[in-house]
Amino acid sequence: MPNQLRNLIIVFAIFVGLFLTARHFLVPKTFGDLGHYRADALQYNIDHEKKFVDTTLCSNCHTDISNSKYVGAHKLINCQTCHGAGNKHIENPTINKMEKSSEREFCAKCHAKNLARSSTVIKQVDITKHNIDSKCVNCHNPHSPEIKMAQVASNQNKKDEPAICIMCHDKIDKIKTKGMHKSVPCQSCHGEGLNHIKSPSKSNMFKPSKREFCGKCHGIGIAPKSKGIKQIDLKEHNIENKCIDCHIGHNPLEFK
Amino acid sequence: MEKENTKVSSRRDFFKKSGAIAGGLLLVSMLDPLKQIKALAGEKPKGKGAWYGIGVDLEKCIGCGSCAKACKTENNVPKEPFFFRSWVEQYSVTANGVVKVQSPNGGVDGFKQPVLDKEIEKSFFIPKSCNHCAKSPCEQVCPVGATFISPDGVVLVDETYCIGCGYCVQACPYACRYLHPVKHTADKCTLCYHRIKKGLAPACITVCPTGAKIYGDLNDKNSDLVKFIKEHNCTVLKPHLNTKPKFFYNALKEEAE
Amino acid sequence: MQQENNAKKSRRDFIKKLSIVTAGTLALASCNSPGFDEFLQGNFKTLSKKEIDKIIKNLEKKYSTKYGKEFKVSAKPAIDGTLFGYALDLSRCIGCRRCVYACVGENNQSRDPQIHWIEVLQMNKEKGIDFSEANAQYNPDLVPEEGHFYLPTSCQQCRHPQCTTVCPTKATWQEPDGIVVVDYNWCIGCRYCMAACPYGARHFNWAEPNIPDEEINPETHYLGNRPRIKGVVEKCTFCIQRSREGKYPACVEICPVGARKFGNLLDPESEIRYILENKRVLILKSELNTQPKFYYFFGV
Amino acid sequence: MNFLRFILGCFKIIFSGSRVYFAWLFFLLMMIIWGGSGYLNQLENGLIVTNMRDSVSWAFYIGNFTFLVGVAAAAVMLVIPAYIYDWKPIKEIVIFGEILAVCAVIMCISFIVVDIGNPQKFWHMLPGIGTMNWPASILTWDFFVLSTYFLVNLTVATYLLYCYFYKKHYNKSIVIPLVLFSIPMAVGIHTVTAFLYNALPARPFWNSALLAPRFLASAFCSGPAILIILFQILRKTTKFEIKDEAIFKIAELMVYAMFINLFFTIAELFKEFYSHTEHLLYWKYLYFGIGKNTELVVYAWSSIIMSIIAFVIFLVPKTRYNFFTLNLGAILIYSSVYIEKGITLIIPGFTPDTLGQIYVFVPSSTEIHTAVMIFSLGFLLFTFIVKIAIEIIFEGYSIDSLKIKKTKQYIDEKELTSINN
């Protein structure tokens, strides 16, 4: 064999040898065991820490909530859908709190009116109109949205107490307590609300707007004189407008 | 003449030797890389073991974005609004056929109640994530074998081996991949491989409030997914690409196909 | 060679002469050469009202003598404010092919060789709508077969029809009410439209169409179901002779399971609009952007 | 008047010749009659006598048309070096390329005419008289570029012959611009023909941007292949002179074309098989068959194998300079391109059809008859024009010989025999 060829073969062999050694060290151990990939990568993916836990763990401690949840419309919803992943909370419940949101926007994520939502799948509420004064949780128990409403309805005997109104209409109460009407019960102006309590969306409360209605208490000669009630001459005082055009009904000394 | 003979013999010799060397090389390489060659030929275990897929009933999807949010939490997906393993899109079709697609922050914060547009004729949500294609283009193009289809049909990324070239991001027809801004490797839905292997449902399916999304084993005739497919008229996205996706949509509208 | 040399002399109108000479010789050679008037008749779209009336009168006379029946050939134009659309409920179709034969009867398709404007495909339920799995040769006695569904296809009346774009002679076009029609007298039979149609909806008269006299439907439309000649392309017209009179196409009327729906897409109260807005509708080969007005849906 | 005399001279040429010549003419005439009988049958009964149906609505005729467009376009292959680089050895034979182009275009148009259902209505697509759907329909473009290309080549060929006939020097300012114009036209006829198929989204098999370049590359293989064989026949049978050098030069040019052709084919195959979309179905049918339907597999592979062998033959100088292997290579590449354009381009575009149904197309006897008729007609025309060209250019047949004949009748016979020899 000529020298050149022999040299060439030697060089070639060295390169091949180098290549094979390099390959031996560089290619990962389990590469190709199952396919053109590192078989260990499967385990690597499995080892990822999980964050959303089994909900049986929730009901172990929060039995009351889970019991009430299992009767309502939210019964199939996982706790962590609203409260976030529970892995840290179960490690140390006192330090790591679950997420909690009582904002209207939070409920609106599912319940806001949207053409894309099927009305048979989910109850939809026009959040720009539906009782905008209050938080959803004031009237609805988030764990079982019907329960709180049922409680309200079952308290019919307390129908004269403003407390039952405040449950849902707390914003109005805040305005009312600031002003002169704070001692006037809601029913005095809005009438009895038995039906409204039963189904608030279907039966609305009476909303007075006529001058004569205010005149019942405030009109000279119409209402019986009583201490502390301001008397207005309905025939003279700004006769072109309604009272509520200027005065806020719940706090009449504030003007619009 | 004699000279010629020697020449011939030496040449023959050379061929013999080089042939032997080549043969030897081939033998050496056959000892272990044969598996790789086989794998390259696209042999995939079908009919035995699990073969996972996903199903969504779009009639039930309310676009709450819980799935997108849970996915970010579960899988440590970067918070920025352009990295998603799972996200929700809202399609709105106007009466004159214009299709608008919106996905504010991937639906993580939910969809705002829209000011109802009279023009809009219909609207629907579509949750999206990796389709776990049986013939996945991302796996096909990966130069190092860092993206692969697991024996149970889940398309996974080997983070430690990925070189971050981003070829798979280009190859995916469903825009399901992104380059992780910190790790600089490709990242995508793993069908919560760490959960399903422990018998738990993927995070997105765990949190779905309406039960719109399900997953299951396509090889198991009694699995939820197989039943779901049988009972509904499911379609996949971009069927003409022949990627054989395993993400089945019920009630997929033509505008989104 | 003679012809060749002549051409050299007058190169300017060589093309004209060549084609007219060929056309002339071929017309003579052809056994059933159409009348001279018909040969010179222009594209339907370029004809005046008067010319159309005359042509129709001649046609009615010709057909009446040929088939021994009083023929009516209408040329009713599209009604303003109509855009026809079609919907088909895949969950109801049982693959009985009654629509196919109603269509053949109504639209005077050739019986021998057979031409069917509607083709019903048997599909595998597990595979979904995948044409490579479609079977057009299924046995009608066994329908509906377990594990299969049926997909009737016909002209999809695309909003962006490829077939009209490629036609070299403007012999096929889309009417204002969305129906794609063919002027049989103007079609030269090049079959480019058949190559362009993604739905196999166009059919060619490979031979002289053959319809028994007693089966012929004399209520016809010029652009629809009037008897055709050999060598021209024909296609579904949503039964233009019926739909423009406010009637349902024949296939809609015959369907025993009510899978077929038809209506005006511009009328918000129509059934077709209800389906579009409330059902999950599919179109075939949406990736081609032909935008068909033929929608498939799953009603149940 | 002068032109008339030229025509007269031409006629004299074609009606005189050796026995072999007349035997060849007789043979072609017989073939035309035999083929014509089939075509008459088609005219009478309609296209039903072909094996085309709704599923496969274009087939053998259109395949031949496509192939011949390629042959016609290849004329420029010879024109470019001859006129641009003024390369002598090819210059004289360029006229044969142009004659070939003229005849091929005539055959192309004939194939279109026999393919359409109502040939007598052909005038509907003429501009002015009919309602040509221009610019939307690519078929109208194709018709336009084919006729322009035809006219340009006819003009150049006739003018050159005319000048030789009158022993004049041709006017460069007429010929060169026309020749230069014919180069983009040649590219044009092929490109437009490719676009004819290319722009149909309904037929994914054709819907590839590479179709037009592939058309061009294969045309530059098949056209010169015919000429290489033709020149050898001519120089053996007539006084036509061509140097080996010129033939080898053509062969060398073909190597590039063949390489590009193979390269494009590989590029196309790679794209389809790697991306394995739904469109792969047609390629699978072509190269591997679908189920029992493996009709085209033999053709597809034989075309590829032939074209590879031909490429190797032409690439290796030893075989390129050997006339036996050269001719073998030319035949191989010619057959390869004929199969590719005629069968494996058109049929898989329609099989499976748009609804997934498979209709197996095999040309009927009528189609073969008609094709034979058109090819024979083309050959007849080509024989005539080539004979005229050879006698005028290489055998000194000119206006003088015509005059001599007129005045001195008695020399006629002697002259004729000398010409024929």
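A, B, C and D label the chains in the order they appear, each numbered from 1.
Please note the rule applied: a residue touches a chain if its C-beta (ideal position, glycine included) is under 8 Å from a C-beta of that chain, and two chains touch if they have at least 3 such contacts.
No experiment lies behind these values; they were computed from the predicted model shown.
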Pair sharing more residue contacts (C-beta pairs) when B-D is set against A-B: A-B
Distance from the mean Cα position of chain D to that of chain B, given in whole angstrom: 50
Mean-CA-position distance for chain D and chain A (Å): 77
Distance between the centres, which are taken as Cα means, of chain B and chain A, whole angstrom: 34
Centroid distance [mean C-alpha coordinates] between chain C and chain A, Å: 57
Multi-partner residues of chain D (each touching 2 or more other chains): 278
Where chain C touches two or more other chains, by residue: 130
Chain B, residues touching no fewer than two other chains: 122, 239-240
Arrangement of touching chains [line / ring / star / complete / other]: other
Pairs of chains found to touch, sorted by chain label: A-B, B-C, B-D, C-D
Chain B to chain D touching residues, read off their complex: 135, 137, 140, 239-242
Chain B - residues contacting chain A, complex: 10, 13-14, 17-18, 21, 25, 28, 32-33, 35-36, 39-40, 43-44, 59-60, 62-66, 70, 73-75, 90-92, 109-114, 116, 120, 122-125, 145-151, 156-161, 190, 192-195, 197-198, 200, 203, 206-211
Residues of chain B that touch chain C when the two form their complex: 58, 121-122, 229-230, 233-236, 238-240, 251-254, 257
Parts of chain A lying in touch with chain B, wherever the complex brings them together: 1-2, 5, 9, 12-13, 16, 20, 28, 31-38, 41-42, 44-52, 54, 74, 76-78, 80-81, 84-85, 105, 108-110, 112-118, 121-122, 126-128
Complex contacts: residues of chain D adjacent to chain C: 3, 7, 10-11, 14, 40, 43-48, 50, 52-55, 57-58, 112-113, 115-126, 129-133, 136-140, 143, 147, 151, 154-155, 158, 196-197, 200-203, 278, 281, 349-350, 352-357, 381, 384
